[in-house]
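All chains are identified by letter, namely A, B, C and D, in their written order; residue positions are counted from 1 within each chain.
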Amino acid sequence: MIDSKKIIAIIDAAAKKIESEKDFLTQLDNEIGDGDHGINLARGFKSVEEKLATFADKDIGAILKSVGTALVSTVGGASGPLYGTAFMKAGNVCKGKFTLTDEEFAEAFNAAVEGVKMRGKSAEGEKTMLDALCPAYRAFKGGVDGGKTLIPALEDSVNAAMQGVEYTKTIIATKGRAAYLQERSLGHQDPGATSSLYILQAALDVLKKG
Amino acid sequence: MKKLINAVEKVEDEMILGLVKSAPKKLRKLDCGKVVVRADKKGNDKVALVSGGGSGHEPAHGGFVGKGMLDCAVAGAVFTSPTPDKIFEGIKAVATSQGVLCIVKNYTGDVMNFEMAVDMAADEDIKVDSVIVNDDVAVKDSLYTTGRRGVAGTILVHKISGAKAEEGASLDEVKRVAEKVIANVRSMGMAISPCTVPAAGKPGFTLADDEVEIGIGIHGEPGTTRAKIISADETAKILLDKILADIDFKGSEVVVLINGMGATPLMELYIINNFVQDYLVANGVKIYDTMVGNFMTSIEMAGFSITLLRLDDELKKLYDAPADTPALVK
Amino acid sequence: MKKLINAVEKVEDEMILGLVKSAPKKLRKLDCGKVVVRADKKGNDKVALVSGGGSGHEPAHGGFVGKGMLDCAVAGAVFTSPTPDKIFEGIKAVATSQGVLCIVKNYTGDVMNFEMAVDMAADEDIKVDSVIVNDDVAVKDSLYTTGRRGVAGTILVHKISGAKAEEGASLDEVKRVAEKVIANVRSMGMAISPCTVPAAGKPGFTLADDEVEIGIGIHGEPGTTRAKIISADETAKILLDKILADIDFKGSEVVVLINGMGATPLMELYIINNFVQDYLVANGVKIYDTMVGNFMTSIEMAGFSITLLRLDDELKKLYDAPADTPALVK
Amino acid sequence: MIDSKKIIAIIDAAAKKIESEKDFLTQLDNEIGDGDHGINLARGFKSVEEKLATFADKDIGAILKSVGTALVSTVGGASGPLYGTAFMKAGNVCKGKFTLTDEEFAEAFNAAVEGVKMRGKSAEGEKTMLDALCPAYRAFKGGVDGGKTLIPALEDSVNAAMQGVEYTKTIIATKGRAAYLQERSLGHQDPGATSSLYILQAALDVLKKG
């Protein structure tokens, strides 16, 4: 079970992680994109950080929605609408709730991933953040369905995301900027998949600390 | 990184302010951010045009705001699409009862952010539609991919649909003309040196002294192939051959646009134009008009793109119509 | 040297051909060489204007040939004044019975070559006179030296005396107006990176990553001082302070020209303009109009110059008059 | 005494010397000018070389005039009108002559130097070609007046030009492009003075060979 305080802590940790990995994410985007992914996300999560204080009494739905709106209106580029939509869709599912069961967390996770697919008109296997998010969601859901508790299920999820990031190195991009590089996108890891992994890792770190 | 700037974080804002101050009678900046609109709002009986994208393409798009072209240009951070809320503010500021047409370059980010803004505008009962420009033949078009990028051909969409809107045509009509331009415009570009996003501090790619990138976009990203540097004529031929293979220009009248990427001396653009003109004529293409200069740039990238637009009588008339913007006067 | 050219020896000729082919309805090239004239010769009742200089300053001067500005531009090799015989051919081609005014930038080579050409024309009973533009305040003016250089302010001399000539004014009147512009126009420039004369194959000077040259001319030569790079605003302030100290602009209306040296992204020119406008207003200078772009370049040098022209009612009216040239439409 | 054949040989040698020193002259001009002096002069003397065949039957005046015209119409820049005027003025003095006495040679030399001063509105001491040409002329004239024969007089002249070139390093330019550099022109040798020295050296070499 996760309460709104944990959610806030996770968002805080994700923001810090993105800030600290900003240069690396930008470097990855330099190789197969336009070299701004870290800069864009860091700008967005900084504006989220500035809102954290206003989250204290809000329900999880409102918090996630607010994070989504902040990202949409500050990140820009491709990842802004994508992450923004993900958080907003997750927020929709959590409307009015101050705690989430593991099943509800899975449901919110699913809504986020579906939001990315809808917004990006994209699917797994196109060398995007979905190659981290989809397997991560499946692993989490499978774990919870199979009776695992939150932390072990999220550990599986992070591992799956990690493998997903590795997988992006082996495929040619068909969505996003990297698609323009065609064969030249091979061998490079997708920046968006990498930032998705970082957000999941931040969640796991917070939950593990208890 | 060696640039004439004040601070990395201030680049976009100061740039927009500098643009607006260069033409205070023509342009106005909205308080909400990097949104430039015509100082003299268009009559309610005419469709308004909104475009935009990341900064770094100057004079695009703010430089093309003015009579006969755009009503509003929304700029994001360098090479980063503006966000939906800002685009929405722009749409609201220029919306007329005839409606608003958004001209969007085909990049995932631009497309998604404009899509969200259009939804927001439609929710508030603004009549709004959009077209997506995808003129870059360097990228194969396919149902399963992002498709071709929108590059310098976008300027011709601004010009021609802007002229149509000035005529008082309906939103559907302006959209039809914009889509006709899109269907008939093709571009391709190359770079001999990269550019540096200020916030990144280092170039998007590095090239040896004898290397060039062919098939670049307009965001400092590498191209589809890296090649050894060859002569200007041979380079232009590579781009032209790809463009001419994409749609049939033979026997048609065209507008030729030789676009500098930002740091290319005009001397080189003219040398390229010298070849392009002869090659097109030799290939049975008739040249109606030529534009040579910096229209859709990638900050200080050195290189160029070639754009051809196939004309019919309607497009010719609209292309020739007056325009009065900081970057294009006709 | 990394350039989009075909062969070092062909640069100038192909460039002129490319320029003329970009505007075949407006421009014509003389067979004798790099001499560009208006396609529609001016009426015999109007003074014709001839300018020119080395190549490498594109769009100057060929790009300013057309109605309302020059009748003829004569180009030499890169950064090398054209020779008297070519200038003479240009003068002959456009001469009218009202006479010809040559607009010469103050460089020893330009002055001497034009002087010899003017002598040749006068020998053949062509009514011909000349003015010498010397707007660069980086160089101290003195009776004993070559005096100030002619730089970007020359474009404003073309514009305004061109408008006067279109009015049908006499040679003396056109010369008077040209000299009024010269008396009231001041410029100064700087570079953050050098340029390479194609035939030389290497840059005119080299700069460390944190160095700039202040007080450059327009021929790739080093400036009057080398300095550590500072912000765009501080850099612009140095140039402006020198300009404002040279003649009194306070209370006057001025044209501001922010000129890119060839490889400067428009983004940076706008950032500079943002400061320049505020600083001028703060110093009691009224801004009548602003031009931002590449007008008088040094091939692919990165840097800029600022030009201020003090106006009176006569100059204002002539500045606003129509012009229709490849590089300036009004 | 010099005949027209010698004059042609001297012009040929000067052209070759300029061509072989082209890069060095350009380098000097790079430092305090616009880096084209060698390129300009080489272009000009190449066009002179192309005319050499037409000189065979001409008098010295016509030859020098023709050299001057060729330089004026191909060199451009500052040095084109200056060297062009120098040769044309020297040609004026030698009109109709197929041989020159040493005194006549001095007179032609003087006319050339005066031509440069007139065209350039310049004088000795301004860090230009005149700082080689003026002392070179004085040395030659002094030698001839003092009874020296042609070659020793020209040797003095070349030495004086050499000292003149050295002298240009110690002064600030007040004419030509280098003047814009003000104090920064100090320590650099003037390209035009250097090319003047080369032309005189070429003359001496030809005469010494006999």
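Before moving on, here are some points about what is shown:
Here, a residue touches a chain if its C-beta (ideal position, glycine included) is under 8 Å from a C-beta of that chain, and two chains touch if they have at least 3 such contacts.
In this text the structure is predicted, and so the values were computed from the model without any measurement.
Contact with chain C and chain D alike is made by no chain in this entry.
For chain C, the chain with the farthest CA centroid is A. As a whole-number value, the distance joining the C-alpha centres of chain B and chain D reads 55 Å.
Each chain gets one centre point, the mean of its Cα atoms, and the points for chain A and chain B are 32 Å apart.
A separation of 76 Å divides the Cα centre of chain A from that of chain D.
If you draw each protein chain as a dot and join the dots that touch, you get a simple line with two loose ends.
According to the touch criterion at the top of this document, the contacting chain pairs are A-B, B-C, C-D.
For chain C in complex with chain B, the residues that touch the partner chain are 2-7, 11, 14-19, 21-23, 55-56, 58-59, 63, 192-193, 195, 209-210, 229, 231-233, 235, 258, 262-275, 277, 290-292, 294, 297, 299-300, 302-304, 326, 329-330. Residue ranges of chain B in contact with chain A, taken from their complex: 54, 76-86, 107-109, 112-113, 115-116, 138-140, 144-146, 149, 197, 199-200, 204-205, 215, 217, 219-222, 224-225. Interface residues of chain A, counted against chain B in their complex, comprise 26, 30, 32-36, 39-40, 43, 72-82, 119-120, 174-177, 179-182, 184.
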